[in-house]
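Next come the structures, one after another.
In what follows, chain A forms one complex with chain B and a second complex with chain C.
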Partner chain A sequence: MIRDQRREWVAAYLLILPFVLIYGVLFLWPTVQMVYLSFTDAPLIGPGKWIGIENYVEMFDDRRFWTSVRNTSYFVALTVIPNTLIGLAIAMMVSRLKGWQQSVILAMFFLPYILPVSVVYRIWNWMFDLQFGIMQYPLTWIFGKATPVFRTQWMFMPAVALVTIWWTCGFNILLFLSGLRSISTDIYEAAALDNASRWTIFRRITWPLIWPVTALVLTIQLILQLKIFDQVYLFVQGGRPDPSMVLVQYIYNSAFQKNEGGYAATISVALFVIVIVVSVLQFQFLRARGEK
Partner chain B sequence: MSVADSRNPAVDASGTATAQRKLRAFDIGGLILTLITLVFAIIWAFPIYWGVITSLKPESQVISKTVELLPRTWTFDAYWEVFANTMIGRWYVNSLVTSLGVTAITLVTSALTAYALSQLRFPGRTVLWYLILASFMVPLTALIVNHFILMAQLSLINTWMGVILPQLIHPVVIIVYKNFFDSVPKEYREAAKMDSASEWRIFSRIYLPMNWGVTTALAIVTFIGAWNAFLWPFLAVSKPDMMNVAVGITQVNDAFGVHYARDLAAAILAALLVALLYLVFQRRVTQAIMLSAGVKG
Partner chain C sequence: MSDIVLKEVSKSFGAVSVLDKVSMHIQSGEFIVFLGPSGCGKSTLLRMIAGLEDVTEGEIHLGGRRVDQLPPNERGVAMVFQNYALYPHMTVRDNMSFGLQNVGTPKPEIIRRVDDAARMLEITQLLERKPAQLSGGQRQRVAIGRAIVRDPKAFLLDEPLSNLDAGLRVRTRLELAQLHNRIRATMIFVTHDQTEAMTLATRIVVMNNRRIEQIGTPMEIYSRPATRFVAGFVGSPAMSFLPVTAVSDVGGKAAFSFAGQTPVTTSVPFAGLPTSSLTFGIRAEAALVDPNGAIEGVADVVERLGERSLIYTRLADGSTLVAEDNGVSTVQAGDPVRIAIDGNAAMVFDDAGKAYHAAA
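This part shows the complex of A and B:
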């Protein structure tokens, strides 16, 4: 019996070994190193000396750091809730359809999600092109003249948010669709017999029953969008990156352009803490709401 | 719920008739809603259509002051130009190798670990499980600086391995596998044990074959994710001939001004493989996304 148990242990350790190695070397070790590095003045590659909390003091005084925090928050505000609500609206429209019609329409909404971000960038850069972009028709109609959207400070973030919603909404649509499918049709039939209006049906049945999915989508979106980098980096190319700098971009900027490994690690720790605090808080909040 | 209460057994003939009249009235509203859905879907998909169509025009017609929804002259010139002037073939190979590498290593190591967590009892099991759950909350993006330093120390910058390694942390795959292994009836394992089959045999002959469906789904989604990854492949590679296709197409600098047809042709080529994968395996992709999201909540 004891020998059997030993055998089971050995088998288990052999099975988990590859994963534990990867996890240790590529996850735990870099995490520990990140924290250590944030207390040094090291360049990106090479040794540095221990300087205590100096980097953290510098960070709290750094205007560019706070700009990047503000821009990241702004981007989160522009994307998370709209993306969730649009996802729900589209899912409700798609869920009414049947069979092949549903498959085709769903694919049309979902396809952008499959594209690499650089392809999304190419497509929308062309859509918004100052001289020949098709979006200049509505823009000229609204503003009276052709508008360089990604070179206009106040338009930059909303435009990137719009593109991001277009790109990632398919994911939300899928989750909402499966949520809607799990609501029993009996309830809707009963409501129809009761002469309930569409709005009442939505407010009294769909919204409360879909809430767990909504909460899930909000959580996933929030954590995802806090880590925004790719789109902002690509669309700002050729322009001035500073005014629209986001957190991950500032990490990239400090480490790879200014060669300040220690300081970049400090901002990384900040991002790390922000994401963990937000996910814990949101988890608690959503659980509290769910229990009501 | 008050609406549900009204469902009593006494829905008589006249009640049904009202309901049917109502259903017919519903259909007109329904038709309008369907039309709105269709229009909205067309608007939503239009940028992709527009990108594809533009890539099939000659550059001289791309810069036209009028909107031409179809090319006056259909041409693959932009595509030939991409093939002739960029390393797109090489980038495709890089993307294929690194994405397949990420997919294979992630799936194999995750399935093995999930099997051990699901079926075996060993010291450290609970700790490992909580570590995996905890790593959900951790933003891997925050590790880019230290991943870069680590890969530089191992001399893996500008190599396939350097692109692959930091993309291997996918705790969600383990959790999905564990859920599926948990639900395999215990009798299979017990019977195999009677025949003194090894754990490896039980895993590879029973647990894995019983879950091919979920394996396919996870593999496709992991592959698409690795193919589309931008930030890490962008950092880990600076030599043009080692770039992935998603990064490569953004790094071609225009020495001769704007060439939209060519740039879009390169973009369409970069997306072609994953778009086809999705269209062919639509159901699997959907399934894997649901599975991965289900455990994140």
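This part shows the complex of A and C:
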């Protein structure tokens, strides 16, 4: 069919215009403003004086900044790969179920994902409660006494990571399950005739064929967990926030509690760069693996 | 020795029965074709021999050993799937090596066997490619190659030609026949295509509606079908069926009358024949257009196939008789025609579908 070229272009621009407008106003412009702000001594509200790279110099010397980088990295290490592997393992188990059993079990695993973070916080705060928490039974058995998990520094991050995995795993299970379903049953039947053991089938068939989904889940997880804030912020309430400070929390802390808009913007730029660099690196790495 | 014996094998999925007491004995080295319409249970039967479906009742023996409770890998059979089921992320060589690697075959041995099979199937130049880079016919060869390298007791092929285009299908059919001649392995081939069945099989198993209708050589199936279903399913054009109004005894042979026609004498023995509810069956090549023929009717459609013409003739009782004429037939649609029936090739069926033939 021959179409009027000019009208095609007009229609195309009209269709993408709303998105471009919203993207520009709500994302691009604020981003540019944030970068500008990072070179000023602006408070939370109102303009500031241009001070060049002073904020950046300060940031590289800031112990609390480096603590929050370390904590964020630690949290990423505790969640991203475990969450992905657990999601795959559960998806493989769920995929063996049939019909309504599969739906029920899947719904149960997915349920936590629909909860708001404040509810998740209440649930787990109760579970770990020093006097009444059900988790104190195993903890007492292990440590010999009741343990305030969210007030014990070395336990804090692993505990928040555990809660995060419980909370967000359902979505990964869903992604993996659809990936597993797209592998033809014929291939598994051929492998069964080819004498493949269960482990061989996983290692040489399922894992390589599910790899694109794994790469996707890893990337989504990485970006998501680098931006960790809510869980850490909520669980640390009533305690000392500094030792477990993560990057977004430090941004919030600088901007809204210390009224240092310029400095908060500087850390935001740093986080922005970290997210871009890490996810590009990871994407390249995952793609290289996939092409092997 | 790799005889395959099925003893009263039944299969049901829940309350739905898909195979009912199927028995057969397949000799080592035979090329057996399971032929039947879709849903007759032929693929399920093949999958049960492979071990991909369990057996609800009955026994399967392979090479003298009962295998119906064994997992697929312990049965020593190889299967070629309808859509090939190649491992998409592995090269052709890896696809073919996978089964051997899993049983711990030494590496040089694997390479030798894969190379041999690749040479036989002329896919040597494709060994380092992945399935996505192959055409349908090439994938087909790889799937067969994957089966060959394992040197199985039996090859099970589930409609392996149905995804190929017409030309390639004929060529691959020929190559499969050559391959069978060369390696002399037991092969079971599932299809709904009667041409594939007729050309490839040493024996055909015609299946319909959960049961075996007939087991026989292609020519037995064609010229002496055991049931009306087999008669109608095999052969192109399909056999013509005419309702019989009366049977008479002409010196021990049966003569059949049709509404508004001269009776036709056949070689079917009169003794033992039911006298009512009979259907007369005749193939087109035994019903020739002939001005002195016993049957008269009006040509409905004339199909000119080059070497012969098919005349679809409407008879007085409304039934259709497909008759044959030579390629340069002058019959036009609408012309009255007379047709001579070869009584030696005629057969009749009772109301249960059982066939009665001329004495063999």
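We take it that the second predicted complex is superposed on the first by the 269 of 292 C-alpha atoms of A that agree within 3 Å, B and C clash if a C-alpha of one lies under 4 Å from a C-alpha of the other, contacts with A are read in each partner's own complex, and residues count from 1 in each chain.
Methods note: contacts are C-beta pairs under 8 Å (C-beta built on N, C-alpha and C of every residue); 3 or more make two chains touch, one makes a residue touch a chain.
Computed from a prediction, not measured in an experiment: that's the story for all the values here.
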Practice task
Considering only the touch criterion stated at the top, classify A:Ile205 as touching first (chain B), second (chain C), both, or neither.
Solution key: both
Practice task
Return first, second, both or neither, reflecting whether A:Ser178 touches chain B, chain C, both chains, or no partner chain.
Solution key: first
Practice task
Once the structures are superposed on A, label A:Ala107 by its partner contacts, choosing first (chain B), second (chain C), both or neither.
Solution key: first
Exercise for the section: Would you check which partner chain A:Leu97 touches, where first means chain B only, second means chain C only, and both and neither mean what they say? Expected result: first
Exercise for the section: Kindly classify A:Ile187 by the partners it touches after superposition: chain B alone (first), chain C alone (second), both, or neither? Expected result: both
Practice task
Would you sort A:Ser197 into first (chain B), second (chain C), both or neither based on which partner it touches?
Solution key: second
Fill in the blank from the handout: chain A contact check, chain B vs chain C, more residues touched by chain B
Problem - Doubly contacted residues of chain A, that is, touched by chain B and again by chain C - result: 186-187, 189-196, 204-205
Handout entry: Residues on chain B engaged by chain A in the complex (per definition of touch)
Key = 1, 3-4, 6-7, 11, 15, 19, 22-23, 26, 29-30, 33-34, 36-38, 40-42, 44-45, 47-48, 50-51, 54, 62-65, 67, 105, 108-110, 112-113, 115-117, 120-123, 125, 128, 131, 135, 137-150, 152, 165-166, 168-169, 174, 198-200, 203, 224, 227-228, 230-231, 235, 245-247, 249-250, 258, 260, 263-264, 266-268, 270-271, 274-275, 277-279, 282, 285-286, 289-290, 293, 296-297
Handout entry: Complex contacts: residues of chain C adjacent to chain A
Key = 50-52, 71-73, 77-79, 81, 83, 85-90, 98-99, 102-103, 146, 150
Exercise for the section: Going by the contact rule at the top, pick out the chain A residues touching chain C in the complex. Expected result: 184, 186-187, 189-197, 200, 204-205, 208-209
Exercise for the section: Could you please specify the touching residues of chain A with respect to chain B in the complex? Expected result: 8-9, 11-13, 15-16, 18-20, 22-23, 25-27, 29-31, 33-34, 37, 44-45, 90, 93-94, 96-97, 103, 105, 107-112, 114-119, 121-124, 126-127, 129, 131-132, 134, 137, 166, 171, 174-175, 178, 186-187, 189-196, 198, 204-205, 212, 215-216, 219-220, 223, 226-227, 229-230, 234, 237, 248, 251-252, 255-256, 261, 264-265, 268-269, 271-272, 275-276, 279-280
